[in-house]
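There are structures below to look over.
Across the two complexes that follow, chain A remains constant while its partner is chain B and subsequently chain C.
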Partner chain A sequence: MDFNQPTEDNLFDRARIIGKPHARIDGILKVTGRAPYAYERHDVVANQKVGYPLCATIANGRVTHMDASAARGAPGVVSVVTTLEIEPLGRAKSNDARLFGGDVIEHYHQAIAVVVADTLEQARSATALIKVSYEEAPGVFDLEAAWERLQGTGEPLADVGDVDAAFAAAPVTVDEIYRTASQSHAMMEPHASIVDWSDGQQMTVWTSNQMIAWTHKALATTFNIEPDTIRLESPYVGGGFGGKLWLRADAVLAALGSRACGHPVKLALPRPMVFNNTTHRSGTIQRLRIAANAQGKITAFDHSAVSHTLPGGSGENPVNQTRTFYAAESRRVSHQAIDMNLPESADMRAPGEASGLAALEIAMDEMAEKLGMDPVEFRILNDTQVDPEDASKPFSERHFVECLRQGADAFGWEARNRTPGAMREGQWLIGHGMAGAYRGALTLNSGARVRLQGGRLIVETDMTDIGTGSYTIIAQTAAETMGLELADVEVRLGNSDYPVSSGSGGQFGAASATAGVYAACLALQALIAKRLNLDTPRFENRRVVADATDLALADILDGEELVAEDTMHFGDFQDSMQMGTFAAHFVEVAVHAHTGETRVRRMLAACDAGRILNPITARSQVLGGMTMGVGAALMEGLTADLERGFFVNHDLASYEVAVHADIPQQEIIFLDTADAASTPLKAKGVGELGICGVPAAVANAIYNATGVRLREYPMTLDRMIDQLPEVS
Partner chain B sequence: MRAFSYERVSDPAQAAARAAEVPGAKFIAGGTNLLDLMKHEIEIPQHLIDVTGTGLNDITPTSGGGLRVGAMVRNSGLAADPRIRRDYGVLSRALVSGASGQLRNKATTGGNLLQRTRCPYFYDTAMPCNKRAPGAGCAALGDGATSRQLGIIGTSDRCIATHPSDMAVALRVLDADIETVMPSGKTRRLTLDEFYRLPGDTPEVENALEPGEMITAVVLPAPVEGRHAYYKVRDRASYAFALVSVALIKTPDGSGRVALGGVAPKPWRREEADAALPKGATALMERLLNGARPTQENAFKLTLAERTLAALLAQE
Partner chain C sequence: MNPPSSVQRRDDTLRSGAESSSVSFVVNGARHDVELDNRTTLLDALRERLKLTGTKKGCDHGQCGACTVSVNGERINACLTLAVMHDGDDILTIEGRAAADQLDPMQQAFIDHDAFQCGYCTPGQICSASAVLEEMQAGFPSHVTNDLTAPIEITDAEIRERMSGNLCRCGAYSNILKAITQVAKERA
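This part shows the complex of A and B:
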């Protein structure tokens, strides 16, 4: 089915099930421990062995020698595969560093061996017996030094109007440098796979992955085998945040181990490897200049940035939202992804925007202050309904101003103290801050198959549920479209035997995958209509109805199964407009006047993300994003050893993410909007919008509380303690 | 983790004797730190002696008006004991600020004292560490190293790790003693200050215990009247090690005692600094942190310690 023009009024505008707060249908399985996550799929294949990885302990160079004889002779060990024994594996487009094979080390904790044994304990202790010699090469690890060297160079991604003239003429400007930290996805479930490649022919992979089709293809490229010899299942994913978009070492090592020992092999990455072996979000250094006239109209943006990447990667580009978020006649943005020898940087929740808005929305706060304007009013004044770089390109839907107004009202923004440092409760300084949020609303082609069996409908798509609620919103979509109830629908996800979907990433999953399921349901309706020889039947109350016909769906098939499949193809017309999601975040913090500890006290987000398919699961997505935003603001940061070239805080004790005690009252408002240009359901994503802008809102609240303007994340107390009020 | 043998013992003296007798033996109680260290092969015991059945589970009054806390008393139980909460508030508060509820349910009084540093370079066995492998060097003192969490005083050119315990900081300010039993069956008693060793040239030696010697109890002297406070400063609100922690007992006459956590290889207290408490936080810290050798990344701990104490003093 093609989606070639904005959708008209349709059944979703009169929805029974879509848009209603249904608890997730897989919830019971999860809270009772019965949802089969990758590492626990003991039932799918017999005689599973356990693999354990060995990782390089240099950042750059070569492995010159490996002696695995002691490991091979250790108790319980069935196979050892070292990287020197096999040719370099193929490198899928999504992998910057090779996942295994050959002697070249491209980053710390690159995998160099896998040991397979009867038990985890045997495999782990045998791995420690492998002796490795390296030839170490110097590496480049210091982003700060790269920034010093490269600042002001680099091709602009956009250069519109006359930026220099605008700054020369502007009565009010901001020109500051902001720094965001490298971050780890730090998902609860580490990368894990069970792989059966015992015969070296047919490969079955039970894994934890966001993108079945991408990873299926990456496996074929990596092992140089035919795609149709590979089967992949990933029905449940214990968190991904972009860290599981790609094929990673868990599946590769398990496959190599399985081929070597002739048994299925399960392997989970040990927690320290999640930080240095897999991908992370690169830190950024950003210079932001904003120019405005005396009335507060922004006349120019100039945003330049660097991030790090392994050769071939794209780093963390934090400047793109600056091209579309606010009006201004002139703008210049540039980003340089610097080749460095740190572990592989790649996408993490709201790649680009999360880091870019962390800087831009502080700069906007600084600008509002210089102008003597309320930060909310300043943003309203600079709203745009068209692409600021191309006025012929409207936003399909944009209700940012309503987000700002409704959010401010609900939060009590007007009542706040406006003088930094002037509100105190005991030893705590209280502050309020806000920030805008923008994240693109991408859609990707998405397919599904539906099977009508009696009155039951089974949906099959390779879409994944990474904790987001895909199972539930897909069931809602199918039930709504077919005139069924939620309980009539069974959803099967995350399997390479199913039609290719959008997968989960870039907050495109919910909108795209439900559109694909809708397309498949319409195909099924057409089959039914043809079978019953009806023109335009209606599907309601579990029945198919047309003129003189009124049949229960359960009765039309005589026990056979009716199967339909289709893919929603999103047309080029979407390119003629800007499509995005918007939010306004409001935060109250308390900063200890003596110690500088910052504790968030309450948060509120007002979101414009098109039709909300399920307010419960959507709310959970935004809550999670806000929580991750608090982490980014206050504590999350991978610290590189600049001599040795690795992230030192590679466990969950030293890489701190927000805990329950850090997250107080969170309130979320969804605007009642619908975007007809996005999908037939008029839905857009929301999972990444929730993190966007949150760090800046926290930073702005810290400023309001203390009068200390911080421009480097995470905003730990050591960055401000010397600027806090005198004590004693 | 390497394979190891395991036994349970029921008597402390027997435990100590076995530990001296069996090569590569270590005691295990709650195991909340040791098992992690074994998985990383930072600790490689060949034999574990489970001492949880040694009967050291009680908190009993001493003839001196204090309390004897058995080495197997769990951190949760110790923190919740009504006598501890009433008379040794600083200890109860320090305990509940440490780790998580689950860990405190497992961790024991003796084990808490013996936990190892959380220096990230100590935990990465690919990194040189004088504490883990004497003579290997110290990655934390490297040119590009990160040292924000590490020590500022009492450290050496060989090691700048801190001791992570909150409980021990409170015990230090309470002038608690430690009772042990030797492999010979003889017992001895040490002050907490004597118990912990500074790294010097031998950072692998962290305490005064001799081979096989086992902690049997912590002895709290008679209660010190006054205000008991423990302020633990960290980046997140819970479940994190201290950047700086301050244990304070302030007596009604204005004198008192202060010990610090998160700054040194042992709970950090100087009795001569306590004398300056009536003059305020700045005067006290000048003496308590005199001779500090922070790194560029952790020099903030000097300011933070002073301001944290000032916060406590201002809370009266």
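This part shows the complex of A and C:
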């Protein structure tokens, strides 16, 4: 089915099930511990062996020698595969560093061996017996040095109007440098796979992955085998946040181990290897200049940034949102992804915007203060309904101003502290801050298959549910379209035998995958109409109804299974407009007057993200983003060892994420702004919108509380304690 | 004569140089006698030997709480303890909470408040949540308890503090708080 123009009035505008709060249909499996995650599939294949990885302890260079003889002779060991024993594996486009094979080390904790044994204890113990010699090469690890070196170089991504003239003429300007930290996805389930490649022919992979089709293809490329010899399953994913978009070493090592020993092999990356072996969000250094006239109208943006990447990667581009978020006649943005020898940087929740808005929205706060304007009113004044670089391109729907106004009202913004450092409760300085949020609303082609079995409908698609609620919103979509109830629908996800979907990433999953399921359901309706010889039947109350016909779906064609499949193809017309999601975040913090400890006391988000398919699961997505945003603001940061080139804090004790005690009352408002240009359901994503802008809102609240303007994340107390106001 | 204590058994094992031990424990009401590699954690014994995979491995280092189970009525991280140390113990995992698809009140409250997303930390959260209410009832103070002599008041701050060993990267904390508060109110 083609989606070639904005959708007209349709059944979702009079929905019974879509848009209503429904508890997750996979909830019971999750609260009883019966949802099967990748490493737990004891039932799928017999005689599983256990693999354990060995990872490199240099950042750059080569392995000169490996002695695995002691490991091979250790109790319970059935196979050892070292990287020197096999040719370099193929490298999928989505992987910057090679996942295994050959002697070249491209980053710290790159996998260099897998030991397979009867038990985990045996495999782990034997792995420690492998002796490795390296030839270490110098590496480049210091983003700060690269930033200094690259000043004034690089081609802008956009250069519109006359930026230099605008700054020369502007009565008010901001010009500051901001730093965001490298971050780890730190999903609770580490990367894990069971692979059965025991005959060296057919490969079955039970894994934890967001993108079945991409990873299926990456496996074929990596092992240079035919895609149709590979089958992949990932029905439950214990968190991803972008960290499981790609094929990673867990599946590759399990496959190599399986082929070597002739048994299925399961392997989970030990948590301390996840941080350096897999991908992370690159830190950034950003210079932001804003020019405004005396009335508060922005006349120019100049945003330049660096991030790090392995050769071939794209780093973390934090300047993109600056091209379209606010009006201004002139703008220049540039980003340089610097080749460095740190572990592989790649996408993490809201790649680019999460880091870019962390800087931009502090700069906006600084500008509002210089202008003597309310930061909410300043943003409203500089709103745009068209692409500022191309006025012929409107936003399909943009209700940022409503987000700002409704959020401010609900938060009680009028009653905020207005003078930095002036509100005190006991030993705590109280502050209020806000920020805008903007994240694109991408759609990707998405397919599904539906099976009508009696009155029961089964949906099959390779879409994944990574906690996002896919199972539930897909069941809602199918039930709504077919005139069924939610309980009539069974949803099967995450299997390469099913039609290719959008997968989960870039907050495109919910909108795209439900559109694909809608297309498949329409195909099923057409099939039913044809088989029953009906002209434009209606599907309602579990029945198919046309002129003289009124049949229960359970009874048609004697209960014969009817199968239909289709893919929603999103047309080029979407390129003629900007499609985005918007939010305004409001935060209250308390900063300890003596120690600088920051506690977030209250958070509120007002979100404009199209039709909300299920307010329960959508709300949880935004809550999760806000929580991760608090982590980014206050505690999360991978610290690179600048001599050895690895992230030192590579476990969950030293890489700190927000815990229960860090998260206060959180309130979320959905504007429920149906976007007809996005999908037939008029839906857009929310999963990444929730993290966007949150770090800056916290930063602005800290400034309001203390008068200390922090421009480097995470905003730990050591960064402000020497600047705190004198207290009695 | 009393059976050998677990300490004495460990000493015997050390002297004998044996690499495995037999251990008996009750899990979710059922007794299990297993011969285990001495290096096997309680977590791996549950997940790999008994195939009770509801208890999760997030870090294997006591840093995330996903493996929280109840042992003799107290919550512990199953990854930080060896299975052979639990001879004679009574262990409750997530699989032992729902009787014949009848969810226990905490499990139901987690569904009611959407107190999870990916679900991987959920069994540990539910186990901790139940224990937290019992710990407060029993008068165990926490870092945020002001009066160590008075009965402990069930506040948001107490629950948050006591739950902080259970990470949830999906960020369901405020919904988990609502779920626990619902159960606390039902009990009161």
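To be clear about the criterion, the second predicted complex is superposed on the first by the 726 of 728 C-alpha atoms of A that agree within 3 Å, B and C clash if a C-alpha of one lies under 4 Å from a C-alpha of the other, contacts with A are read in each partner's own complex, and residues count from 1 in each chain.
One rule holds for everything that comes next: a contact is a pair of C-beta atoms (placed from the backbone, for glycine too) under 8 Å apart; a residue touches a chain by one contact, two chains touch by 3 or more.
Keep in mind the model is a prediction, meaning the values are calculated, not measured.
Asker: Does the superposition put A:His660 against chain B (first), chain C (second), both, or neither?
Answerer: Touch status of A:His660: both partners.
Asker: With both complexes superposed on chain A, which partner does A:Ala415 reach: first (chain B), second (chain C), both or neither?
Answerer: In the superposition, A:Ala415 touches no partner, neither chain B nor chain C.
Asker: Return first, second, both or neither, reflecting whether A:Ser125 touches chain B, chain C, both chains, or no partner chain.
Answerer: Both partners, chain B and chain C.
Asker: Which chain, chain B or chain C, is in touch with more residues of chain A?
Answerer: C
Asker: Of the partners chain B and chain C, which touch A:Val648 in the superposed model: first, second, both, neither?
Answerer: Only chain B; A:Val648 stays clear of chain C.
Asker: What is the contact status of A:Ala294 with respect to chain B (first) and chain C (second): first, second, both, or neither?
Answerer: A:Ala294 contacts neither chain B nor chain C.
Asker: When the two structures are overlaid on chain A, which partner does A:Glu597 contact: first (chain B), second (chain C), both, or neither?
Answerer: first
Asker: Please indicate which partner A:Ala46 is in contact with in the superposed arrangement: first for chain B, second for chain C, both, or neither.
Answerer: In the superposition, A:Ala46 contacts neither chain B nor chain C.
Asker: Where does A:Arg619 make contact in the superposed view: on chain B (first), on chain C (second), on both, or on neither?
Answerer: A:Arg619 sits against chain C, while chain B stays out of touch.
Asker: On chain A, what residues does chain B touch that chain C touches as well?
Answerer: 75, 121, 125, 272, 651, 653, 658-661
Asker: In the complex formed with chain A, which residues of chain B make contact?
Answerer: Result: residues 1-3, 39, 41, 118, 120-121, 123-124, 126-127, 139, 142-146, 148-149, 231, 233-241, 243, 280-282, 300, 303-304, 306-308, 310-311, 313-315 of chain B touch chain A.
Asker: Taking the complex as given, what residues does chain A use to touch chain C?
Answerer: Listed in rising order, the residues are 23-24, 26-37, 39-40, 42, 75, 119-122, 125, 185-190, 236-241, 268, 270-272, 466-469, 616-617, 619-621, 623-628, 651-653, 657-661, 663-666.
Asker: Enumerate the contact residues on chain A facing chain B in the complex.
Answerer: My answer: residues 57, 75, 121, 124-125, 128, 141-142, 272, 427, 592-597, 599, 634-635, 639-644, 648-651, 653-654, 656, 658-662, 714, 716-718, 721-722, 724, 727-728.
Asker: Help me check something: in the complex, which residues belonging to chain C touch chain A?
Answerer: That would be residues 19, 37, 39-40, 44, 47-48, 51-61, 63-64, 66, 93-95, 97-98, 101, 103, 107-108, 110-112, 114, 116-123, 126, 159-161, 163-177 of chain C.
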